Amino acid sequence: MQDIVEGIARSMGEKLGVKYYVDYGRLLRDSEVDAVIIATPTFLHRDMVIEAAEAGKHVFVEKPLAVRVKESLDILSYVRKRGVKLQVGYMRRFDAAYRRARQVIEEGGIGKPTMFVSIARDPAPPPGWGSDPSKSGGIFLDMLSHDFDLARWLVGSEISEVYVVGGNYIYEELRKTGDLDVVSILFKFMNGAQGFIHGARRCAFGYDLRTEVYGSEGVVYIGSYEDNMFAHGDSRGITKKGVAWFERRFYEAYVEELKSFVKAVLDDKEPEVTVLDGLRAVEIAEACWRSFRERKPVKVEMH
Amino acid sequence: MQDIVEGIARSMGEKLGVKYYVDYGRLLRDSEVDAVIIATPTFLHRDMVIEAAEAGKHVFVEKPLAVRVKESLDILSYVRKRGVKLQVGYMRRFDAAYRRARQVIEEGGIGKPTMFVSIARDPAPPPGWGSDPSKSGGIFLDMLSHDFDLARWLVGSEISEVYVVGGNYIYEELRKTGDLDVVSILFKFMNGAQGFIHGARRCAFGYDLRTEVYGSEGVVYIGSYEDNMFAHGDSRGITKKGVAWFERRFYEAYVEELKSFVKAVLDDKEPEVTVLDGLRAVEIAEACWRSFRERKPVKVEMH
Amino acid sequence: MQDIVEGIARSMGEKLGVKYYVDYGRLLRDSEVDAVIIATPTFLHRDMVIEAAEAGKHVFVEKPLAVRVKESLDILSYVRKRGVKLQVGYMRRFDAAYRRARQVIEEGGIGKPTMFVSIARDPAPPPGWGSDPSKSGGIFLDMLSHDFDLARWLVGSEISEVYVVGGNYIYEELRKTGDLDVVSILFKFMNGAQGFIHGARRCAFGYDLRTEVYGSEGVVYIGSYEDNMFAHGDSRGITKKGVAWFERRFYEAYVEELKSFVKAVLDDKEPEVTVLDGLRAVEIAEACWRSFRERKPVKVEMH
Amino acid sequence: MQDIVEGIARSMGEKLGVKYYVDYGRLLRDSEVDAVIIATPTFLHRDMVIEAAEAGKHVFVEKPLAVRVKESLDILSYVRKRGVKLQVGYMRRFDAAYRRARQVIEEGGIGKPTMFVSIARDPAPPPGWGSDPSKSGGIFLDMLSHDFDLARWLVGSEISEVYVVGGNYIYEELRKTGDLDVVSILFKFMNGAQGFIHGARRCAFGYDLRTEVYGSEGVVYIGSYEDNMFAHGDSRGITKKGVAWFERRFYEAYVEELKSFVKAVLDDKEPEVTVLDGLRAVEIAEACWRSFRERKPVKVEMH
């Protein structure tokens, strides 16, 4: 356990019953440490991942991999050079519903995936650095890279071209940092399939996260805008709550992704979400920003 | 078309482009009339059906068949004697969802039907005679005989014993006429299956009508407490409306049941809901009243 | 009642109890006829509407108004010149769920409409002329002009720019006629709002039609991919059917739109869906085809 | 941590990083232990709880409190005599959906609770002692005492009279031990409200657990027969899975109930589910068995 604030490092270390460090370099020099989990702000990922790789530690890094493509390529080269494993925290791949969607698709349950649709609305924008595109990559990377990753994973093809419509509709503070609050992305996959992602940094009733993949023989639907475990009917009609936000909605997925990472390290296997997956998401997000600025469809530059 | 109020008879007759009568007897003497649809208050059914049967007309009579078992037996004997056809207006049997439930059951999709559950909540009690048990048969007959009919039809066995808990919780005016507003019926089928029906004369959000039949290999569910065609999410959560009340909910079923009756007459076949089905519902309702008064399970007396 | 096939004209006329014609011109010369309902293939609309307008008859014309913008402008000028009313058959505006969505939006229930999303998947392509873009306008006009109309009506702003991704994925026969079977449209409204429409000419389980409008204070959702009136649970899980196709899904809306048209004529008021609404849908569809061919966002040319 | 199998005790102790015991008496003599969690088969509860109480330890005991009323009364007297706290593991009270139901009811959101309905279907009967009524209390106690507890808690009144219909429909092995597999209970509350609980030891698609409480001003619905996080539409229709079984469905509730117990001990407060609540559930279950044997409604004997 490491945190630059000693109080946090100590209390968390004690709570978890593990060693703790204030200094990241010292943690990396600890020979008992095989792997690190980096859950710091995005703009710190590049240096911390590279330092860990240099120290020969395997790395689990929170999504996204890095703020820019260039930083991601730096990470890629160090990780490869040192032969350490790296997994990116796209935890939705470990959620039971998304996993089942992929299984149904792989079993031919929708025919050929032809259209990917994802709608993602958060209750509120992230505080602090998360709303500063120079530190977080902005809405396309910080929020919607989950959906880029799902799109590639579920359709089984790379995203080749994106066209963005977006703007500032709700939060004036996002306009100041250069971020957007409501965006839409229409895109093409290399295999000819179509895709659409819509994201908003606000949802009046909580968290609205839905994905569907269409094929000529069927459709898979993931997510719901309502929690169906409770309803209250009265003279106004029937009222439900929205689904719990990500920390509870994906609680099991967070556990599963870490189990998967540990297993990949122990079994010396490729992690389920690779450094290349992480790079792709950053490339697509950069293409989205370019399309937004140039107001036209642009190719995704793949490295 | 006949109505004892001349204005209604005329305007409806003209609207429908058919002959109209104020006098029921004259209508029955019209040799062009093959069959009559009796949609009058329940307490008028006995005499009107018998008069029609005496005149050799086939009869479609709104549910329930009659207020009492004795009256129903009168109807039965006249109808049989004159050889006319009689169909009772249990239209839910003609609704697509209930029909599909029966089809699934018949195809073995739930194994052996073991438990029948029906919940029926109306927005409000019926006005006028409908809330006077001496004229309508009360909540068991006027409202829940639909569910008795469904239970027999879906489970494929007669109801042999009923136990009732019920009372006056909401409408003081129903207490005065001797009717009840919230009731529960636990019952047994002759084949050993179990059944439960709950009815209430009020539902704050409209119309809550659900039925399910359980077997060891599956369950069929009919109905919903919410209309899933529209939802509004805002800071209070997600709000939907209840399902439309019976006239719109069962619009197609009402059309289908009349088509079925006409076809039975033209093809000289047994109607889908027979005079015996009508009698059974009245017998069960009478048993419910008896159980309510005697506060114990009672046998259904079948004739 | 008019049909060029005498047998159809006669049998329908007799069934409905109305006069019938084989010759459209004779029907238009009938002074008892105040208005006509034109439900012919799209490519016949222009001439038939103009002929009716010339004869001074009010016109209800099935959607879309005409195959091309030029034809629509012809209609517009004749209708205006002769002062007859014209309503276009965008019946979804008369469906209870869509109407309620509009009411909630107008009452401020979602804040400012910021994002329109519509997904429309039909069970199968239309037979005959419906799949020939030169006669039907193709998927954008024949199928998705419903959604263009809803977008304008619900968001309350004109569509100014469209970008299309589409192709032939399923039906080879559509490729031959030049039509498409899976398309996506990302668009902008004049007021800055965003919109997305996805259409497919096939849906494995039936009819999947959903629309949502997002604002910072709420979201309205219309439609569902499942009929919630029946479910069957067995060892495979819980299975439901899709929603009934348009003729039954929108049965009441079809009745309401005609009532509305008759009322507009009798009360001498503007119809709820005007000739200009019809023109706009054709303009947007033409822009979609242009965007598809030119592979870039294009402006909608409004007349 | 204590288990009579040394291997289990040791491995669990090590995994959790806590002391472990094979001998229960030794654990109770450990002065560092303030409270015990008893999660053994029901027939062991009486002696283990009493032994713990004698040792002055607070007790969290899995539901139900004990197999028989007599044993429960023994527990009650020892717990009171020694002044230790006891909480019974009716975890559904700590589930977010049930908690919200209670809150809505307390805030008047349904008016006066008038009808309680609960349907509980398990995927399969419990293995081993769980299906032997002499050790588990049978279906009424082992399975449906959850619902008795909810009924009392949500309606806010004691259950005064029960009438049972039940039998052996599916599992011959249950008939041999004297247990039942499908049962229905119609009951009365002391305040005049009605209640119904239906339980089955089999559900073809998994776990079907729903509760609703009706009042004149509204209804609360808890639970669903389907998991709405994933759907697969294909030519057979739309298919979903059932809800995860209790260990995952109530994962958070299990955590919350233990937190609540710890807090009650630390704050020296009455636990949220008391020994009296535990006793009531056993009394009601015994009344159910009596009603089943005597085939008539019976009073619940409260101590």
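Miscellaneous remarks
Order of writing sets the chain letters: A, B, C and D. Residues in each chain are counted from 1.
In this section, a residue touches a chain if its C-beta (ideal position, glycine included) is under 8 Å from a C-beta of that chain, and two chains touch if they have at least 3 such contacts.
If you're wondering where the values come from, they're calculated on a predicted model, not measured in any experiment.
Among the remaining chains, those touching chain A and also chain C are B, D.
Chain centre most remote from that of chain A: B (centre = mean of CA atoms). Interface note: chain A and chain D, two copies of one sequence, contact each other through mostly matching residue numbers (shared numbers exceed half of all numbers used). A straight line joining the Cα centres of chain A and chain D is 40 Å long.
Averaging C-alpha coordinates per chain places the centre of chain C 55 Å away from that of chain D.
Within chain D, the positions touching two or more other chains are listed as 110, 203-205, 208, 217-219, 221, 225-226, 231, 233-235, 241.
Taken in their complex, chain B has these residues touching chain A: 203-205, 208, 225-226, 231, 233-242. Of all the residues in chain C, the ones that touch chain B in their complex are 17, 96-97, 100-101, 104, 109-110, 217-224, 226, 228-235, 241, 248, 252.
Taken in their complex, chain D has these residues touching chain B: 110-112, 114-115, 117, 119, 121, 163, 165-167, 169-170, 182-188, 192, 194, 196, 198, 200, 202-205, 208, 214, 216-219, 221, 225, 295-297.
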